[in-house]
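Per-chain numbering from 1; labels A, B, C and D assigned in written order.
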C-alpha cells in the first residue's frame, strides 16, 4: 500500500471541471514530480489533496484512510502539508512567527521548539532573519520560509507547489538543493513544477498532466529527455 | 387566457382595490396606518434606485426626508410659499446633498459607504437640533416646527380628512414605481445593475460605474425628499429626532432587504409585511411589550438573510407564477 | 500604421518589476499571441493595455491615440474590448441582458441595444440561450458570453485573456474557429492563452515573455523551436534536442 | 489656561475609554473583515452584566471583571458561532460580506429591544460605589478618578491583547487568519473557530469597557447606540483593524468633546465629530493609521 493513493479523482471549480479521472500514487520516502504546462491542473490537484477544493468524485487514500471529505485543518493534522503556490506567507508577521504558525496542529505543537531548531539548521538564513517581517524578505528567502513553515507542521508528506515560481535561475538552484536535502532526510515529497529538468532530476518518479489528466508517467530519469514532454508544453 | 392577460387583470384589480379602499375603510386609525404604509413603500422604492439597483447600502436616507420636510415647511411658514413648490425645492436641495455625499463615497467599499451615510444623517440631525436660525430661516432647533392647520385645500397641501392624503401618497407611490420600472429598463438601469454585480466587468464594457451610481443617488435623494414634504403636511409637526432618525433610515433599508433589493415589487411586499407588524405591535403591545415590533423586524431580517438572501420577493413571485400557470401548463417561451 | 503600439512599457509593484520595458506591435487584422511561463507578467501586461492599471512608464498607442492610464470605459468606447480570465457575468440576469449592457456602449435606446445584442448572439450561434440566467450557464457558454459581451461593444481590437482555460478539447476547437471567423470580419485579436495547441494554431505572430521581458517573437513554428523559449518553459538546464 | 489643561487631561482619559469601547470592533473587523453593527449592543449587554454583577455581589466595580470578562467572551463566541457563522459560510465566495453587516444590524435591534422588554426603559446608575464622584486633586485641577481608572484599564487591555496576539499559539493563529485565511487553513487552523474566538475576545474587551464606564455612566437599553456610532467613527479615524488607531481615534473624540465646549455649545462638538469623520472618510478612508495590524 502506498502512502498516498489517488483513485479516479475528479474536481471542478464551480462547473469548470479541472481534474478528470486522475489516479496517482506516492510511496513512502519517494520524491514524485507532477509536471505539465500552465493550466494543466497541477495546482488544482494539490488543492484537492489538501482539502481546499472538494473532490467531486474519486478517492484520496492517505495512510490507508480515505481523506477526500476531510477539511483542510484535519488533513494537515494527519500529516499532509501543502506549501502553496506563491508562498502565501503571513506578510506582517516575523519569520519566526510564520514558522511557529506552521506548528499549529496538535501533533506538531508539542515539539515545536525542537522542530524550529531542525528547520534553522536546515535553513540557517531563517535564523538570521527570525525577527524580520516576512514581507520584507526577498522572493528566494520567502520561499525558504514557506518550506520551513511547511516542515514545522511535521509532515508525513510535503507537497510543494511550484517552489521555483518567479525566482531567478540562481535562486532556483538553491531551492532545489534545499528540496534535495529534505528528501535525503527521508521526507516524502510530492512536487508540482514547471521546471522539468530540475524537478525530474531530483525525483524518483514523475507524472505529466495535460488538461487535468495524466498523459504520461514513469521513472524520472527515463522521462527527463522524452520528446513528448516538450510537445506537451509547447503544443507542437 | 395567457399569463400576460392574468398579469394585466391582477394589476388592474390591485389598482382598483387600492383606489377603492378608503370607501370601505372608514376608520381614521386604519387609514392612517395605510397612509404610513404607502409612505414607507414610497421611501423604500426611492431608496431602491440606489440601494437596490446599484448594489450599495445607504443607511442614512432619513437625512433626505428631513431636508424635504424642513425646506417646504420653512418656506411655507415664513414666506407663504405653497408646499408643492417647497416640495420641489426640497427635492433639489436633497439632490445636491446626495451628490455631495455620493461623490467621494460611492467609490468606496460597501461598509464605508454605509458608515458615511449614517454619519451624514446623524451629523445633519445634530446640526438641525443645534440651529435655531439659519440666517433668516427659523429652524427652531430641538423644538421642531409646528404647522398650524389654518387653510385647507389642495394648493396649501392641507386637508381636514385623511382621504386626500391617502390618494396623494398612493399616486406618488404609483408614479415612483412607474419611474423605477422605466429606470430598470433604461440604459441607466442596465448600467446600475451591471456595476452593482461586477463593477470591473461593467467598466470594461463602457460603463462608468461611479457616474451611474451618482446619478442614481441624485434621483433617489430627490425622490426621497418629496416624501419628506408629504410627511410634514400629513403630520403637521416635524422634529429633528423623529424625521432625521436612524430608526427611519434603517426601517427603509430593512423593508427593502426583506422585500427584495433591486426589484420593483420588493419594497411594496416589504412594507406590506413590516408596517402592519409595527403598527399593530404599537397599538396592542406598545405599553406592555415595548419594542416588540423591532425584535420581530430583527428576527425576520436575520431569517430572510439566512434563507432568502435576495428577499421574499423571489419565493412569492415564484408562487404567483405557479398559481397563474396552473390551469394550462406553460405553453411557449415567446 | 500599427493598431496597437506598446513602447518600453514597465510596470512595477512595490519595487518588483512585473513588466520590464516591453515592446509590442500589433498590426490591423492580426491574431497576436502573448505567451510565457506562469508568473512571467503576461496578465500584468494585458491589464496595463486594457486600462485596469496604468503602467509605471512607457507608452501605449492605440489607433493613433496614446492611451496610457486611460479609464477602461473610455478605452471600450474607443474600440478596445477585453475579456476576463475569471469570467464575470452579471449572474442574476439572462444572457440577452448581459450582452445588452455591452451594446448600450454605442446607443442609448434599449430597443437598438437589444437588437444589436441579438445580432451578436446569433453570429455566435448563441441566440437559443438568450433567456438563460448567466449564473446557470456552463463554463463553455460563460466563455462564449464573455466574448459576446466584448463583441457587442463593436471593438477594433479584442483582448482575450485565457478564454480557453477549462474548456474540453472539442470546445477549444470551436473557440478557435470562432476567432478565425472574427478575424475574417476584420477584428484584430490580442490573445493570452495557456493552451499551446490553440495559440499555435491561431496566431500569426507570437511574443514570448519571461520575468517581464520579451525573450522571443516570431511565427508559431519559429517559437516552438526557439531555444530560449524551450528553456523558459522546461527549465534552463533543459537539453534542446 | 488651567481649565484647558484640566479639560485636556479629562478628554484624554475619557477618550481612552472611548478607544476601549471601540477596541472589540476593530479586533472583529481585523479578523472577520466585517463591521459589526451590533457592537454598541454588545457594550450595552456588557454594562447590564457589569451592573448586575456589581449590584448583586456588592464588590468593587473592577472586581466584577472576573465575572464580566468570561461572560462576555462566551456571549460573543456564541453569537458568532450560532448566528453569524452560517451566513459567513453561505457567503464564502462573496467579496464583501454585506449580508453579515445586515445580520449584525438585526442582532442590534433584537438585543436592544429585548433588553427594553426585560429591564424597562429606565436609566440605572450604580449609585453608591467606591469610585463615585472621586476626584484626584492636582494643584488646582480636578481629575476624575473613575476616568483615570478607565484610562489605565484601556492601556492595560491594549497591552494584554497585544501580548496575547503575539505570544500565544491562539493569538498567532488569529493574526495569521486575519492576513490570509486560506494559508492559515493550510497550517491546520480552523478559520471559523478563529472567528468565534476573535468575536469572543472582541466582546470581552467590550465588557471591560463596560466595567470602566459603569461607575459613572447610566445604563439603559439604547445606551449602545451612542457608543455604536462613536465606535464607528473612532475605528475609521484610527484605521479599521488597528488597536493603536482605536485608542488614538478615541482620544481625538474625547478631546473634541471635552475641550470643544470651551469655545462653543456642547452639542456642537458632536456635529464637529461627525464632520471630522466625513472629512477623514473622504480624504483618507484608510484612517490615520491605515489598515495595519499592529497586534
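By definition in this document, a residue touches a chain if its C-beta (ideal position, glycine included) is under 8 Å from a C-beta of that chain, and two chains touch if they have at least 3 such contacts.
All of these numbers come straight from a predicted model, not from anything done at the bench.
Chains that touch both subunit A and subunit D: there are none.
The minimum number of touch steps separating subunit B from subunit D is 1. By number of C-beta pairs in contact, the leading pair of chains is B-D.
Centre-to-centre spacing of subunit A and subunit C amounts to 31 Å, using the average Cα coordinate of each chain. Here the CA centre of subunit C is 49 Å from the CA centre of subunit D.
Centre-to-centre, using mean CA coordinates, subunit B is 43 Å away from subunit C. Subunit A and subunit B have centres, each the mean of its CA atoms, that are 55 Å apart. Viewed as a contact network, the protein chains form a single closed ring in which every chain touches exactly two others. Taken pair by pair, the chains that touch are A-C, A-D, B-C, B-D. Put simply, subunit B touches subunit D in their complex at residues 57, 104-105, 108-112, 114-116, 118-120, 122-123, 126-127, 129-130, 246, 250, 253-254, 257, 289-292, 294-295, 297-299, 301-302, 305-306, 309. Those residues of subunit D whose C-beta lies close enough to touch subunit B in the complex are 34-35, 83, 86-87, 90-91, 96, 98-99, 101-103, 105-110, 112-114, 116-117, 121, 221, 225, 229, 232-233, 236, 265, 267-268, 270-271, 274-275, 277-278, 281-282, 285. Interface residues of subunit D, counted against subunit A in their complex, comprise 166, 169, 172-173, 175-176, 179-180, 182-190, 292-293. On the side of subunit A, the complex with subunit C involves touching residues 13-18, 37-39, 162, 165-166, 168-169, 194-199, 201, 211, 225, 227, 229-230, 233-236.
Residue ranges of subunit C in contact with subunit A, taken from their complex: 37-39, 138-139, 162, 165-166, 168-169, 194-200, 211, 220-221, 223-224, 229-230, 233-239, 241.
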